[in-house]
Amino acid sequence: MNSGDTAWMLMSSALVLFMTPGLAFFYGGMVRAKNTLGMLMKNYVAMGLVTVTWIVVGYTLAFGTDLGGGMLGGLDYLGLKGVAIDIAKGEQAGAIHGATVPDAVIMVFQMMFAIITPALISGAIAERMKFSAWAVFIAIWSIVVYAPVAHWVWSAHGFIFEHIKAVDFAGGTVVHINAGAAALAAVLIIGPRLGFRQSPIRPHSLPLTLLGAGMLWFGWFGFNGGSSFGANALAVNAFIVTQIAAGVAGTAWLLMEQFQHGKPTTLGFASGAVAGLVAITPAAGFVGYLAAVAIGVAAGVVCYLALQIKFALNFDDALDVVAVHLVGGILGSLLTGVFSESRINPSVLDGLFFGGGSTQLIRQTIAVVVAFGFSFIISFVLLKLVDAVIGLRITEAEERRGLDISLHEEQSYALTE
Amino acid sequence: MKLVIAYINPYKLDEVRDALKEAGVSGLTAANVEGFGRQAGHVETYRGSEYEVDMVPKVRIEVLTDDTLLPIIISTIERTARTGAIGDGKIAVLPVEDVIRIRTGERGREAV
Amino acid sequence: MKLVIAYINPYKLDEVRDALKEAGVSGLTAANVEGFGRQAGHVETYRGSEYEVDMVPKVRIEVLTDDTLLPIIISTIERTARTGAIGDGKIAVLPVEDVIRIRTGERGREAV
Amino acid sequence: MKLVIAYINPYKLDEVRDALKEAGVSGLTAANVEGFGRQAGHVETYRGSEYEVDMVPKVRIEVLTDDTLLPIIISTIERTARTGAIGDGKIAVLPVEDVIRIRTGERGREAV
Amino acid sequence: MNSGDTAWMLMSSALVLFMTPGLAFFYGGMVRAKNTLGMLMKNYVAMGLVTVTWIVVGYTLAFGTDLGGGMLGGLDYLGLKGVAIDIAKGEQAGAIHGATVPDAVIMVFQMMFAIITPALISGAIAERMKFSAWAVFIAIWSIVVYAPVAHWVWSAHGFIFEHIKAVDFAGGTVVHINAGAAALAAVLIIGPRLGFRQSPIRPHSLPLTLLGAGMLWFGWFGFNGGSSFGANALAVNAFIVTQIAAGVAGTAWLLMEQFQHGKPTTLGFASGAVAGLVAITPAAGFVGYLAAVAIGVAAGVVCYLALQIKFALNFDDALDVVAVHLVGGILGSLLTGVFSESRINPSVLDGLFFGGGSTQLIRQTIAVVVAFGFSFIISFVLLKLVDAVIGLRITEAEERRGLDISLHEEQSYALTE
Amino acid sequence: MNSGDTAWMLMSSALVLFMTPGLAFFYGGMVRAKNTLGMLMKNYVAMGLVTVTWIVVGYTLAFGTDLGGGMLGGLDYLGLKGVAIDIAKGEQAGAIHGATVPDAVIMVFQMMFAIITPALISGAIAERMKFSAWAVFIAIWSIVVYAPVAHWVWSAHGFIFEHIKAVDFAGGTVVHINAGAAALAAVLIIGPRLGFRQSPIRPHSLPLTLLGAGMLWFGWFGFNGGSSFGANALAVNAFIVTQIAAGVAGTAWLLMEQFQHGKPTTLGFASGAVAGLVAITPAAGFVGYLAAVAIGVAAGVVCYLALQIKFALNFDDALDVVAVHLVGGILGSLLTGVFSESRINPSVLDGLFFGGGSTQLIRQTIAVVVAFGFSFIISFVLLKLVDAVIGLRITEAEERRGLDISLHEEQSYALTE
């Protein structure tokens, strides 16, 4: 066990946990004031529920000994059995990808990913979903959708990892495509907000959104930088390309706005930066600095254009989870196959751009399709079930009054006393 | 001249304003207020303590108008602000003795 | 007695209040409101979606006064709130039947 | 019919509202406003720069009522809003020509 | 000196410092708008005053060579004499519990604890205490209450540590019971706010409270994780049980609300999570994952029920410092004696639940009683003194106008310009 | 390569990045509500633009092989050529000051400094500067002003470092004097806000400012602590003196307010703390704990008094960049020559106070003058150029309406829906 690596993994775990409040504020600022707490709550509660599902079964389904075929982990770590630190016996380390840190720290690092992934979906169903239905949905989703996909992609014998040989450094498929596909399913089922496309629905506090973006950016260094499982050269690379992609994508988005509307916006910069962070996520341990520039530009431009999808298809993806996370995740996963360099990470082929041909790109494409298809279908079915049993949507009167009072009997702001 | 005051539901403001504009009203002023009436308020709970909030958010509109437009203003507000549910609000008509447009100094009907 | 209502530009409030004070007005009440009129609003853009905002922030002043001070109040507001640009706002004068000072129970002119 | 306007201290709102309710008032509308009057404002200091703030937060209540209830409304507000300290505020009574309940279209006394 | 351990201790120290702004916002969101800055200030100023008292005498009273009997540290580190890094002589390390990091980093890590502990008390006296009295109170309190208790519990020859042999990993007694007992004394002396139990006193900005809760949760990883003095297996254990207890307690509190009122609240989730963090604090280096679940459930349920105390006893503990920190701290300290495992930390006996009998539980109980009694009595006397000399409470007119303008000549929000 | 040092440098880099959002909120809370987003944006965009300029030419101009005379770095790292992590060849480390961490992590750590430095300037031109002009200005400034000064002071062959032998641990000259001098130039050119000294211009949300101050304080541990390039004893020293100076300066500022106005303010505490952090920045790796107390007191008192400069000279340095960063930076740089101790850092002479005579103080003075002069002159010329080509200032109507709507077509708060 290496104390420097362990220090970095502890810190990275804390940083990734901090992203969930960050996401809550990023989203929370974008809804109307009457729905602020409803939005924050849908994120915060993931820090409660998924902590529980992860320690009970999520972790073992994702990282337990493969049951065969690379489809699912076994129950050896059920209730975190065998993951505990046992000083007397010496710390266990190396079980997961031979890392030099205790297995337990990887368990908790991965827990933070399992928490934020379902939270990402909440942006799509903002301002209209029941809290009870949401709680049930994400608890089950974290087990039946998240854990399997994490196993496929990140477990040593997961079929995407071992057989398809697609790579995903920090969660392009596992986190972003996965959540984005579920968001798409959710939007299709739950339908648009009252007044969608009729009356303006404005962000109630962009400072909160900017704050959330800052927290996300900060936390993302742990998200990507920690995915190397140590304070090593790969972590440094991941850290740097994360910064580059975020900065470049934010700038690119601003330029798109400048060209299309003549005014750059703060929401635009924040959105672009997040899009860049999403797109670099799968690539961070495989691509170099200039590739990060390219990925940043692509993320800023493509995700910006993808905003139009919801108007074209007329569905109300309230806070653009599809445009940013699904599209950004797909983009990043594919561009990993274009810009990967074995020089940076021997575990990957050189990408299309570096003379490695299209092999890695094809692998990436397969992984994208598999992850999207699985997540979309299972999420769709699960949401239909929850809808049938509990009902996904609040009443019209509740929606008018706002989630804060209707669902939580609280008011977000009382500034006049 | 008259001053028409209307208390309406906040989410009706855009609709009412657009309809009034179409009806020939050239200006109005709106403010966020809290209304108490037949419409029930709500309960808030903070760490187990319950608070009854009797006041409901409303928007208060004020329209200065000459007498000829008055009937149409009233009927327009009635039509667009009505949902049929308790809490649709009220309209009041007050006499006005004079109106002045600050920019030009115009008075009376011209100023509205 | 009269109630003078004026809609003015927010950044004029301090000036108007100070001038009224100098003119002998002993009190007034102000509120933040949104005005719709000839003055153009603005456009907001969020993730590429444009929203026209027709309402402009204004301040609404209310002054209770006896009839003698009325002309000077009107002219003071006109003078200090005027910039000459569209949106300077309006003044309205309403009749008042009674005024009571809560603290003392005084009524009418004494109470203003 | 009358419109009673009262400017009161914010922390008196609940008490006044409850008393009016008890006195038979079926509705009212309240807004946050800032008042200027005899009551002193306060000083704010930011990095050594002092600002005099002359305006004091108040609540403005509006009650539409028929004439019979008027005396009791006034006395109720006087009684509950009074602390005896400067800044207790004022009550004004304005004539109202018509009142309409939007939900039902009722007019006049029925609508209040 | 180990660089990995040092990296983690530096980071942990920064994280614990970050908790004080976190606490400021957690509390600040719960008061009325007119008291926001007054609340924030009572926390922020601790970062100034206690820094000073700690370097001058606090540290040496807590961690200086024991004067005999384990009651107080000597003055060997007065003004941080002898704590300085001396490159030429080589860094000093190991003086405190044989840690592998420079003594100086432990000094600053402990400083952050000394800062946040009095800040915790501020929630109890919210919306009515003079700033001057507060400043004088916490400066003295950090010396006459905090430093001795820290010595007893955490110094190698402190009597609770050495003789009673009670354990407190990261501050159940030193921080939470200590602050909670002082809060109780303060509430009894200062009396209720104007309008307590008559008119509603609502939180003015729950988003700020949620933000603060997120910052606290994040920082707590340093609080508990750093209390192992290195990036070692114990840190990993502490980190994980911290996450588990917070998540579980937040969820448990929500369920209590659901059962009692039918509506879960965001303030409830945040409160529950903080209660869980409090309760796991003394236990974090001694208990395993499933014990953390149990402690989380207990914290969520018991602290929720403890809210009723203030209504039963009719005292105005404005932001529930007693229910969350005193009750949560006691709960965690006692449960440490129930769930401790020598397997996880050889320096502790197995607890009641793990067949070790009631020895450790009894020790814990004694420590709880001693810490509570000492803190309550000395705090009470100190507050009475400050009251006599300066006066604790602002005038009625000041209270009506709000602390921001009355005490600080500032306004928290001016949103209309 | 040392993993512990690398962990700390990664974390420090993340912390410094987090300071830019922190600064955005510190400033953003102080402007009027209608200018909030305009203020946030001027900071956030630095995270985009300077990321780009730094990787393209900034880094190589600052840290490339000296071109001769210690004036500028060569183009060897153009586009980050040669900085990449190359696993096969082994990580490169030690190129910069012989550090034990990969060169690339120092590159990104320094990037974060290059980002926040121009952002600091934004406080001076608050509430009236065009966004386009700002974007162009900081992009160019980061290349023609920041990079050279960084080279002079921090590159092994920079002339201030090598020949003048002045020291600057973490950016007294490079960051604070540099930005402060540019701020002064900017204020003189752009002129005062409408209504300056006529009508009150109040902070719209001091809670945001306090939040920003908390984020800055937290991040500053990376800023100063990371400037030792490892988790070593020097980092510990820098960390501790940072905390001391911040706490002491905040307290000192409060006392000044108490004496002058009778009321301590939250804005005062935050301002004082930041002033202390600024002043300790150049000194952090050279001075001891008690010197940090002295520097903290000096910063709190002198920067407080320096607020008067703008009224005396009648220029509108909106958020007091000159008083806090320029004056604080000069103060800290000079006091480094007074309180430096070779015992703490052998690379520096003992200062005036420790019997080393005035040599180091004279060196420091020269560096201050050179950095101030260069930055002021080049910034002045650059701003004049930008003014001529684009225009620095928005129209009167735009200023009245506010930057948010005028420049970004956004509204910061919509709290009534």
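Each chain carries a letter (A, B, C, D, E and F) given by its place in the written order, and its residues are counted from 1.
Simple rule for what comes next: contacts are C-beta pairs under 8 Å (C-beta built on N, C-alpha and C of every residue); 3 or more make two chains touch, one makes a residue touch a chain.
Bear in mind that the values here come from a model prediction, so they are computed numbers and not experimental data.
K.L.:
Quickly list, by label, the chains bordering both chain C and chain D.
P.N.:
Looking at chain D and chain C together, the chains touching each of them are A, B, E, F.
K.L.:
Using direct touches as single steps, what is the fewest number of steps from chain A over to chain E?
P.N.:
1
K.L.:
Calculate how many whole Å lie between the centre of chain D and the centre of chain E, each centre taken as the average of the chain's C-alpha atoms.
P.N.:
So the centre of chain D lies 45 Å away from the centre of chain E.
K.L.:
Report, in whole Å, the distance between the mean C-alpha point of chain A and the mean C-alpha point of chain F.
P.N.:
The separation of the two C-alpha centroids amounts to 33 Å.
K.L.:
How many angstrom between the C-alpha centroids of chain F and chain B?
P.N.:
That gives a centre separation of 51 Å.
K.L.:
Where in chain F do residues touch two or more of the other chains?
P.N.:
2-5, 7-8, 11, 202-203, 205, 211, 231, 261, 263, 265, 267, 409-411, 413, 415-417
K.L.:
Hey, what residues on chain C touch two or more of the other chains?
P.N.:
If we look for residues of chain C contacting two or more partner chains, we find 31-32, 44-46, 53, 94-95.
K.L.:
Name the shape of the chain contact graph, picking from line, ring, star, complete and other.
P.N.:
Contact map by chain: complete.
K.L.:
Applying the document's contact rule, which stretches of chain F touch chain B when the two form their complex?
P.N.:
416-417
K.L.:
Quick one: in the complex, what on chain F touches chain A?
P.N.:
1-8, 10-11, 13-14, 17-18, 20-22, 24-25, 28, 36-37, 40-41, 44-45, 47-52, 55, 79-80, 83-88, 91, 102, 104-105, 107-108, 111, 131, 205, 208, 211, 231, 407-417
K.L.:
Report the residues of chain D in contact with chain F in the complex, numbered from low to high.
P.N.:
Checking each residue of chain D against chain F gives 44-48, 50-51, 53.
K.L.:
In the complex of these two chains, what residues of chain C are touching chain E?
P.N.:
10, 32, 57
K.L.:
Could you list, by residue number, the parts of chain E that touch chain B in their complex?
P.N.:
200, 202-203, 257, 260-261, 263, 265, 267-268, 271, 304, 307-308, 320
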